[in-house]
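The same chain A turns up in both complexes below, where it pairs with chain B and then with chain C.
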Partner chain A sequence: MFELILQTIVNALVASSATALMAVGLVLIFGVMRVINFAHGELFMVGAYAVWYLYAQNGWPFMAAIAAALVVVLLIGLVMERFLFRPMRGNPLGGLIMSVGVLFILQVVAVEFGGVGLMKHVPSAVRGTVDLFGTGVLVPWQRVVVIGVSAVLLILLWLFLHRTKVGFALRACAQDPEAAALQGISINKFSLIAMGLGAGLAGAAGGVMAPLVRVDPYMGHSVIVTAFIVIIVGGVGSLEGAVLAAVLYTFFHTFVTTFYDGTIATILGLLIMLLVLIVKPTGIMGTSEKV
Partner chain B sequence: MKGLGVNRRQFLGGTAAGLALAGSTKLTRRAFAADKVVRIGFLAPLTGEVAAWGLPGLYGCQIWAEQVNAAGGVNINGEPHRIEFSSYDDEYLADKALQGAQKLVLEDDVKFIMMLGGDPWPGVQPFANRAKMLVSTLLPSDLSPDTPYLIAPAEVHPIYNVTGVEWLAEQRPELKTVAMCAQEDALGLPSIATYRAAFEAAGIDIVYDKFFDISTTDFAPIMTAMLASNPDIICLDTAYPDFVNLLTEQAFLQGFKGQMISCTCDNYQQIVDKTSPEFMEGFVFQFPDFDDPAMQQEQINFSNPKAFYETYQSRYPGTWSAVSWEYAAIMEQWKNAAEKAGSVEPLDVLEAMTEGGKGQHVFGPATWWGEELFGIDNALVGDWPVVAIRDGKAQIQEFRSIPAWWDKHKDLLLKHMSDLGQLWDQRT
Partner chain C sequence: MRKSDNTLLRWLGLAALAALVAALPFIVHPYQLIFLIFLLINIILVVSYRFVTITGEWSLIHVVMMGVGAYTSAILAKDLDLSVWLAMPLGGVAAALIAYVLSFPLFRMKGFYFLIGSFAAGEAIRLTWNQFREPFGGPKGIKLIPSPELTLPGLETIDLTFPPINYYFLTAIIMALCLWIMYRLEKSRIGLTLNAIHWKDVLAESVGVDVWRYRMLAFVTGSFFAGIAGALLAHYIGTINPDRFGLAMMLYVLVWTIVGGTATFAGPIIGVVALSVLDEAFRAFDQFRPAIYGVLLILTVRFLPNGLEALPAKLLGLRDRLTGGPRTAAERPRPASGGE
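What follows is the complex of A and B.
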């Protein structure tokens, strides 16, 4: 039983790492731009495709491919902000519809680029397993890479947001865009930064997870649902809440899947989200908006 | 060549296939001076998450048509007819499928429609009945007494899976327990029921038996739970090909040393690369490569399966799957029936195809069957191959009779199908 629990903890850690990267990006975009980015799952998909193309097809080093995935998706995010979301600022429905449009466009581009059918083959960058503390619990090295890359990116993001002037300004925009603008902070500039960062993190998450998941044009569906549950539970607009909720949700989901049933785990996850919305509509760490 | 992702062998194979096709095009033009054409409808998911069950089939049909047309096409009362396909992407949606069926019948004047079946079929059924259009499905669970023009001539999914379990139990009697899982959908439910019956008939205890959510992305927790039951056998039922890929990799990474069995093992070479030849040795599934020596035997009802397979592999490397040949195999049966009937009209072909309750399945002589499960004898069953991976390559181990298993154990199968609401009168 001890081995089973340990294996489940490792599985949950991997899932929470990638989920946290996705959710943090989504929160950043919503916080600054007030746009619910339904295309965030497809940005994850583009990251996975970039790694497939560069690493699996063209022999780039895995880490270089992840860095390239981050940059490619970051650039897509910048284009989305400048040409699609910015004209829709102040119109949440318009932004939402734009993001749904991008979702379909990216799916079609992926189909044209890589075709449909069986998933793309992305081999593990680091093969083999490690015996965790000699317990007999085998952890694939590729999963250790996911945890490591995610942790590094999240720490870098935290340092950026809490130790740099740009980061302070970004958080100010997320807390209260109007007050930030009154202080001379350019909302245009920081929307661009938020969108680029959020998209880049989704791309990195897709890239690092590519060897572990089904890489196909429609892979974004499942991850976006999980990411939305996480940011609602964590508190829309709260980066710390997103990370905390990512850990709580994925641990809950993984344990229920392992010890009871995967379908029930998904249903219970959605029920928990509904419960949070009823009991604490602002989420675990969210705050009420000022009137 | 490396930069293009093509090795020398693939390049030479592709070039040879291309030259052969270029030559065959000339022959075709000469043979069809009268330009008589029979249009066949291909109505299946070509995009979206279920495209893996449709698109490879269209590729296979196109190759099949090139080969058949090069050899003179379909001979109807002494006149050669060229086969052409009209395809429509139903996106695995009922309303799209109906639009597609209407377009294929009313605008393209097709004489036969091939579908994947499943969710899109209810949208098409009333129209197909009104138009008296012959339609084929890969999913016999679409059959009912209300579907007189719907046939399942290629695969009777998932009933043939009993042959793999029966064979495995005979070969390895020391295996006593099994853990199995499948996604909870129209493929997974009857599959679990069938494997339950097959393992019970074989005297193998089921120690884990659960469905997983179709939106699952990380299969590590599912495999962890399965391995915790300490099974001798891991059975992946009719999990989608990508799920089989990821679940098998997880079994390998989490240290499973036992036997694996699954309905499909598409693109198994990729799975061998991800795991190891030793791990995959003996993996049992049900879908052969068509260059298998056993597929070249006289009983096989498919023209030149080896050439078909090699052309497919050279043109679409790494995409060979269960459905790559199934739609083409249906076309082979349709062609034989149309030539026998001397007509391409749907009802004439159906009558010729089902005459005397006997037919020619791709794997040999077969019987139209299914009333107790589907309410109508419109499913063609006979022998089915048991395939295992040997030295990194799929090899047919044996052809086994589905009707023979049914005669011995049908009560078990009916019970488990009924328990999961999979009999025709239980489905909505």
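What follows is the complex of A and C.
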């Protein structure tokens, strides 16, 4: 029993690192551009496909494939911002509909690229297991890699946002785009940065998770549901809240899944999200928004 | 143009449309009849979706409401041996009831929060069907749903789903009835209030309109008709499962509605008819369908924000710009009422 609990904790940590990368990206995009990116799950999917193609099919080193996944999806994000979201600024529904269009297109591109029938197998990059603190609980190295890569990316993002001038300006944009614009911060430029960063993180998350999940064109659906729950619970517009909620929610979800049932876990998650929307729509760490 | 002329034209147009709907099954290839039945059901679906959006709130639960109607009607008719004729309207009532209960939490939210909240509520309902084998049948859903039968005095009982032409006319009649009710509602005082809430909800509230109640009313009404559409679907195809009412279908409904345009009653109908006919014409490219929809959606929102219904006005405007001004006052395009 003790062993199972420890294993579940490790699984929850793995899931929460990927979820945190997704949620932080969504929050960043929403903060600066006021667009809810419905295609975020598909960006995750493209990242996973990139790693499948480069690493599993063409023998690139795993880390290089992840870096490539990040860059490819980042570029997709830049195109989306420049040509789809920018003309829609000030029309939140318009931006959302644009992202729905992208969702459809990316799914078909994935089907054409890799075929829909067979599951894409991505082998583990690092073999073997590690004995967790000498307890006899064996954890595959691949899972440790996921946690490590995500942690590094999140720390880099935090340093970027809190220690560089560009990061300061980006946070200012996210807090209040209008006031930031009055200070001479170019919303266009920072929308591009936010969208690029958000998309890149989603691509990296998809890439790093590729060996652990089912890679198929429709894998984005469950990912986006989880990410929505997390950003609502964490408070839309709070990066710290998103990370905290990602950890809390995935622990909850992984434990209910392991010890009871996966679908029930998702239903409960959705109900928690509704409850948060009703009782405290600003989430656990969000601040109130001006109308 | 005088008002009486307008009314006369409108009636003539309606009569022509009715004649077309009645004549279509005798013109098309028999297998296309099935396509037409789905199209009529989808027309009920998009018109009822637009009814919900009149107040300016976009929900992502509409297709799940269709599912509520389908599941309720199927379970009542199959497991409880209720007459299909009673089960179908009860499917609509069940969807309306669930919409009413959900109004309490959901209409505390607006805009983006309402959208996400409605999505969460819908997913929770859909996953419940997926989870419980009794009575929902789990992921495989419900099979062998009874079809409606008609017994006329002195004649033998006929199965309305076979041949399909029977069901086509049943669906057409129910669709006409649903559309007529929603049209009348929109033109009534209630409909005007709903529009007022869309544009100036705070102002409407300040002059004594109970905004929550009207939003609830639009949501419950739209959901009722979505439930009817679901019941029609369930008893025709005879088998339903949770996947049929998932996000993919909801996004299709969104595409049909937006590409058609939501400013007028006819907009979503134009959208669903145009895109369905396009699908049918390019059957060979079925695997590209979502991508084509995606491109159309993006192009519409970008270049034709009022949808296909605004296309004639837009073309007239283009011609005017090329030739230098409209020739007569009557030709001048009028702005679509309530367009964004």
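The rule we apply is simple: the second predicted complex is superposed on the first by the 290 of 291 C-alpha atoms of A that agree within 3 Å, B and C clash if a C-alpha of one lies under 4 Å from a C-alpha of the other, contacts with A are read in each partner's own complex, and residues count from 1 in each chain.
As a working rule, a contact is a pair of C-beta atoms (placed from the backbone, for glycine too) under 8 Å apart; a residue touches a chain by one contact, two chains touch by 3 or more.
All figures in this text were calculated on a predicted structure; none of them were measured in a lab.
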{"item": "Partner chain in contact with A:Ser124 - chain B first, chain C second, else both or neither", "value": "first"}
{"item": "Which of chain B and chain C A:Thr263 touches, first, second, both or neither", "value": "both"}
{"item": "First, second, both or neither for A:Val111, with chain B first and chain C second", "value": "both"}
{"item": "Which of chain B and chain C A:Ser222 touches, first, second, both or neither", "value": "first"}
{"item": "Partner chain in contact with A:Leu182 - chain B first, chain C second, else both or neither", "value": "neither"}
{"item": "Contacts of A:Ile278 with chain B and chain C, given as first, second, both or neither", "value": "second"}
{"item": "Touched partner set for A:Leu212, first chain B, second chain C, both or neither", "value": "first"}
{"item": "Chain B versus chain C as contact partner of A:Leu96, first or second or both or neither", "value": "second"}
{"item": "Residues of chain A contacting chain B in one complex and chain C in the other", "value": "111, 221, 225, 261, 263, 266"}
{"item": "Partner chain A, residues of chain B touching it in the complex", "value": "3, 5, 46-49, 51-52, 55-56, 184, 210-213, 215-218, 220-222, 224-225, 228, 241-243, 245-246, 253-255, 266-267, 270, 273-274, 318-319, 321"}
{"item": "Complex interface listing, chain C residues touching chain A", "value": "58, 105, 108-109, 111-113, 115-117, 119-121, 123-124, 127-128, 130-131, 247, 251, 254-255, 258, 287-288, 290-291, 293-295, 297-298, 301-302, 305"}
{"item": "Interfacial residue positions of chain A with respect to chain B in the complex", "value": "4, 7-8, 11-12, 14-15, 57-58, 111, 116-119, 121, 123-124, 129, 138, 140, 143, 212-214, 216, 218-219, 221-223, 225, 254, 257-259, 261-263, 265-266"}
{"item": "Parts of chain A lying in touch with chain C, wherever the complex brings them together", "value": "36, 84, 87-88, 92-94, 96-98, 100-105, 107-109, 111-112, 221, 225, 228-229, 232, 236, 261, 263-264, 266-267, 270-271, 273-274, 277-278, 281"}
